[in-house]
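The following pair of complexes shares a single chain, chain A, combined with chain B in the former and chain C in the latter.
And then the complex of A and B:
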């Protein structure tokens, strides 16, 4: 530089090496933020109370094993539920108010598929052996669930199954195209690996049951509803009229009954739809005849949609009044019904629409209007001072050892997930009974509730981290949606309707890990901390401390001045802000 | 090399040539083009700089204070409300003696919402300790930006290069863009007087008691005085590098003038044409262009206006309750100087209204007729407005 001007004036600039930590800005605080995990609406809606926001967080991280184990702690059958659950979780997903719900159901199935493909062995918390033995009658979803949780809680468990293979309704009632046998066997195999003994071909009659009372510390009865409920009309016993459950059991047993021509299926539940779709696969035509309207059918929405795609016809507002044999076929006489007002369930009340009848000429009639207990002693005793009725099961202390009536026997919701929840609830109740007697059951179970409903958490029961969560169910308004962008929901890959009609192959196909992770990334993770560190990033006082080893976040109240930025910027409402000195 | 460029680009080219290391800005019309061009340069790798996106002008200045404290050269550009939002940190930047350079595109303050030229924004920051240069054309903008870095880094005070909205920022003119070698010769790398060091942590600007505060302020004041002493020498260097110089003020035909128009910014160009015409008619008129506003070149103004009986100050701004701000500065400069003179403050061209030759002639007519106007502060070019409605 050929500078002619070289000028520097001395500069006085005060500086200090003293730490500014002496300025305890925390003394200014009148609002106090804290980490407070809350309950997600999906997990509160899940009958078994799965920790869905955590599961999706783990899937996003690629921690598939941990995600799967998180489910297993609440539900031993994710491979089953990932296929047949009616997923009320998705109906409550906060993301539905943003774009579309997260495909929770599909992701559950993905985790099960992945665990089995990798032959993953789950590592779950287990209580030490209690020395007590429990017998479970029936290996359906309720019985399997009970056996699993009994084992986790340190009970020795024998499952007695009448049929030659375990699974109950899962094995003998739900068609192969919804739940392949191989998948069910893997799930049951894993339960057996945990130490559960399943004795198949062991039909428990009343006398045997009485004997079991003397050999076990508690009994669970979960043998389901297998006796078809008759229609109570004339001609019900003519050849060609069959009950739906028996038909499904025959098909799942490997038979391929001839179903040529038109088959009428009476009923509107899942059994009716399962029968209809099986008939289609066997080469018959299926017409579902239902006395109410399509929207009143108790069958799951997706099942009805699938049936229609496959060519099943649904005739609404028709009640059967008689069946008669004619010309080698059957004539089904139907009465036209109409809706008048509402019944006590809120469904439309049906009444006959005049006296008009119509006839339907069919080859076969399947009755699928409901089922009852196979034996009267399967029915739980009427409520008295020696019984405790819980949300999804009934405990009886009438004759010596406690007996729990679980699954469909306990009444209430008749579906697989409810049955699993029933088995879990009964096990928690029995464990509570063994520890503190009858008086502690209600309180112990109430403390394990997920959110404000009836779902219970085994992780909370075992005193796990989930216990610290607030029961407040996070609303959509409480999510800071600035941190999320619209993302399309994945579409579950499925066989085409034409392909489905040809075989009992599973309809829903597998998902890739990348797709699953992307879908899980759509989850808001309502109410739980996923370590996004917005709190840490935004804190103007550097008062959020990250514990490197544990991953925990703490607030240094010496410096937190209570501005509340962390709480506002938390995308998922995993923090709370309270007035200092408040309640 | 001469190129036809927009005024905004003249600034950007200067910043590129100055090898600025950290740029931060928040968009605001009419400044945005400047940082858009710079953002492109950074993303294309034509500048080895970091461009910090921020959520406000306040954060922008805070970011630059932090960056400059680490010993790097920085730049920002803003206008109007954006500059007003920076106000608190403008004081901090100067008090911390950080030679940050800013392009300030003069724009009116709201309401009424107005994006056009008006000096009220930069003049509102008169007392923040920033140097201010008012430029007349794009060439001057480019040269002054480079000059501002040299001067600011010599005295450790921040500097604002001020240019009129649209008249300058959005107008294309031929501009000579110097070579990198010439710029490097004129503008050496920034040498901080002090800088933060993460290896040896300390904090700057802690609590300062009455024992030391006043001395710090006095040093700032002395640094401003140093500018006046250093200015011509540095311009001489710039002249050797680029072949151009401008002066703190430029006195055009003031020596024998009976009336001198004091102008700043682009109005000066209009006044040059007006002056030529009137001189052809034999009128004894002159123009004094004030480029350096802070520090104020009192001596240069006094010298240029010595013996001039009538001074007209054209202000594109207003200090409400007193009048045009340049007018007050000129009056203050002429105070304590013997001699008889009148200083008329004319306010014109607010919010982007054009100041034409005709308007200047009208003013000339007013001040030369008889004894001149009664009032010392006059609004020029007002129109009838309808006060209809409520």
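And then the complex of A and C:
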């Protein structure tokens, strides 16, 4: 037996001596993945272009201060907008096609509440002082927004307010139960803390305005619409007929007018609904009389729903034809209307339905059918070669210093958020004008657009990280829903209708941090990277590198074979795949 | 360090773009750790692991003959035991051909002896490395280069997990590259168990399945979502746990995305749906659950 022979010879064990990293498999690639953040539909729908997917991402992480600051860079009034904005963002939320939209407005308000409770001071990017001074007439949402952004861009800013307290419509128009005075004061206080000077009790007449032209480098006019539009029917001046805006202003001034009996409110906008709900709180009965149908009412849906819950009655398709005093009360004569075809704006066109009339015996009539400028010179000049009309404001270079007409004066959408957007747009346009003259304004503003709409981003204007995002608005089909599960939207805690009728207390109650974080976690974060690391995890070629320090992710094109898995497995479309060597 | 952050696979390997088997290996090694020896019978990974003297994985590998996955692991385990090394885990990493067909007797023998090792079958449902020939893992309805045209495979896929469960091994489980957390949890669990452990990993193959490379994880996920490849584990051959109860997706959603199933008619797809439902209900019964 020579079995020892095999054991005497050493077994040859081949050993590997190198990794496969010498093979540059990137040469196989004909498609190239790359990181490309895109625009979310909510932020494109937001009139002020808030960076909503990023805000929700930060809330999910518990970074409430950073989330709040992210909003403040685009909107100085999150506490106001979280309460009174009609949140078009939620209507465009991609999550609506999955289960229900994220409660974006509730989270916005939560961030504002939290910041104020913790007395957080925001830290925002600011440009160095320009040495230029700008006067803002009116301290409503447009004026406050303009003042805030002027300050951020290094302008000295004086706000002139006619009333004894700042806020414009926010202070004197919107009822307390929607927007508590204390919340508004805190928001304005923060704007003042940034260096804005607000001079209250300074009503600017035409002469004063002319004088301001000589003392400032630019003027912004944002004094809103405060003159009730008359109905143009007989009996409009009978005692007992009041205009809605004046009534709201009196209530917000602390008066508690007697409203016993039935009160007819003519109109279908937010002012009409605000008046009706205020009447209910003061102990009266409220009937909204509207010449179109309920679904045509320009008032926000939630407001109408709330009013109905509180016992407000809505009578539709009735147009007032006359008012007369009788037996200490009023008789309102109404004409029945019907829908026939469509108006230019797509709403049903109304025509009288025969000659039938209807009488309504009421104690009082409130007219809330729209408002006009208080003085004619508030109106912007007609378009000519010395004016520039932008999406939400109008700039005039007619007489010396530029004048910007903002907010409701500029026409267009009449709501708080649109007014804030208008002030912001005007400030960007003025800044662009001071830097490069009239010729650069359109181009500069166009480069700050959020997505495909008219919303503008201050972060982009300041050259922030958001500038790198693509304008492409992420669609629901582009979301990889395999990474999301059905979660019900939070139910906003509210006062009961019976409780609401008793006082002007705020209806919507506060949210806990845990609930807010859970709700924010429902957000798809469309188009932005939230560091989920799917790209890194699924890469078959180990070609995604995570920078430990910066948290950034990079693709190692030495090895990436261009399979495209990372792009498909990115849940939120924050990556793109393009042809190798293409544009 | 988090297991998921551990990286024991290298770039530069020659797996096809979007290869599910490489994703499977990457996750497996993350959960397994470095203290292991891997036996690789002939399969795609024999190539992906690198030509000598390169290696694309950072643990020792023994390339073995096609039919010897179970036997080689038995020998490696015995050798380690003789040296007193009980710490090192022995793993066999085989394809479906080396598991369902060619390596089945060695595997069956090894697990019958309850050899102490983990056997992973990464299943891409055909002999992909040699040119997409059908295996006993190829599903009903599939085209391969040996089941072409109207001769597409009209036999059901062998249920390998149940065959292993019949050996009453301590741990058997299915896993899928689209469910990394579940996969890594099962690997860690298997590592902690003594005796024969079997993990059946569903690993899509863009080349052989005629699918775009970027869809390979999506399609693997759909195999779970449609109940074609349920995620479950069986302990000691009797205790069943179903890990994922999908929403009811139709199997045709999965089939219509893949070129290998393009020839199937609606009637064929209905028949397949019935087979899948039948298998799923059988599994539910074994797990003592209701639909």
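What we mean here is this: the second predicted complex is superposed on the first by the 569 of 583 C-alpha atoms of A that agree within 3 Å, B and C clash if a C-alpha of one lies under 4 Å from a C-alpha of the other, contacts with A are read in each partner's own complex, and residues count from 1 in each chain.
In this section, a contact is a pair of C-beta atoms (placed from the backbone, for glycine too) under 8 Å apart; a residue touches a chain by one contact, two chains touch by 3 or more.
Predicted, not measured: the structure shown is a model, and the values here were computed from it.
Trainee: If you stack the two complexes on chain A, which partner ends up touching A:502: first (chain B), second (chain C), both, or neither?
Mentor: In the superposed model, A:502 contacts neither chain B nor chain C.
Trainee: Go through the superposed model and pick first if A:20 touches only chain B, second if only chain C, both, or neither.
Mentor: both
Trainee: Which of the two partners, first being chain B and second being chain C, lies in contact with A:537: first, second, both, or neither?
Mentor: Touch status of A:537: second partner only.
Trainee: Considering only the touch criterion stated at the top, classify A:351 as touching first (chain B), second (chain C), both, or neither.
Mentor: In the superposition, A:351 contacts neither chain B nor chain C.
Trainee: Could you tell me if A:374 is touching chain B, chain C, both of them or neither one (first, second, both, neither)?
Mentor: After superposition on chain A, A:374 lies in contact with neither partner.
Trainee: In the superposed arrangement, does A:482 touch chain B (first), chain C (second), both or neither?
Mentor: A:482: touches chain C, not chain B.
Trainee: Contact-wise, after the overlay, does A:11 reach chain B, chain C, both or neither (first, second, both, neither)?
Mentor: first
Trainee: Give the label of whichever partner, chain B or chain C, reaches more residues of chain A.
Mentor: C
Trainee: A:565 contacts which: chain B (first), chain C (second), both, neither?
Mentor: second
Trainee: In the superposed arrangement, does A:123 touch chain B (first), chain C (second), both or neither?
Mentor: Once the two structures are laid over each other on A, A:123 reaches no partner at all.
Trainee: Just to be sure I follow: which residues of chain A are touched by chain B in one complex and then by chain C in the other one?
Mentor: Shared contact residues on chain A (touching chain B in one complex, chain C in the other): 14-18, 20.
Trainee: If we count contacts the way the header does, which residues on chain A are in touch with chain B in the complex?
Mentor: Touch list, chain A to chain B: 1-5, 7-9, 11-18, 20.
Trainee: Considering only the defined contacts, which chain C positions touch chain A in the complex?
Mentor: 4, 7, 9-15, 17-20, 22-23, 26, 50, 52-56, 58, 61, 177-178, 180, 206, 212-218, 221, 225
Trainee: Spell out the residues on chain B that touch chain A in their complex, using ranges where they run on.
Mentor: Chain B reaches chain A through residues 96-97, 154-156, 185, 188, 193-194, 201-206, 208, 212, 215-216, 219, 222-223, 226, 230, 233-234, 236-237, 240.
Trainee: Which part of chain A faces chain C closely enough to touch in the complex?
Mentor: Residues of chain A touching chain C: 14-25, 28-29, 480, 482, 537-538, 540-543, 556, 558-559, 561-565, 567-569, 577.
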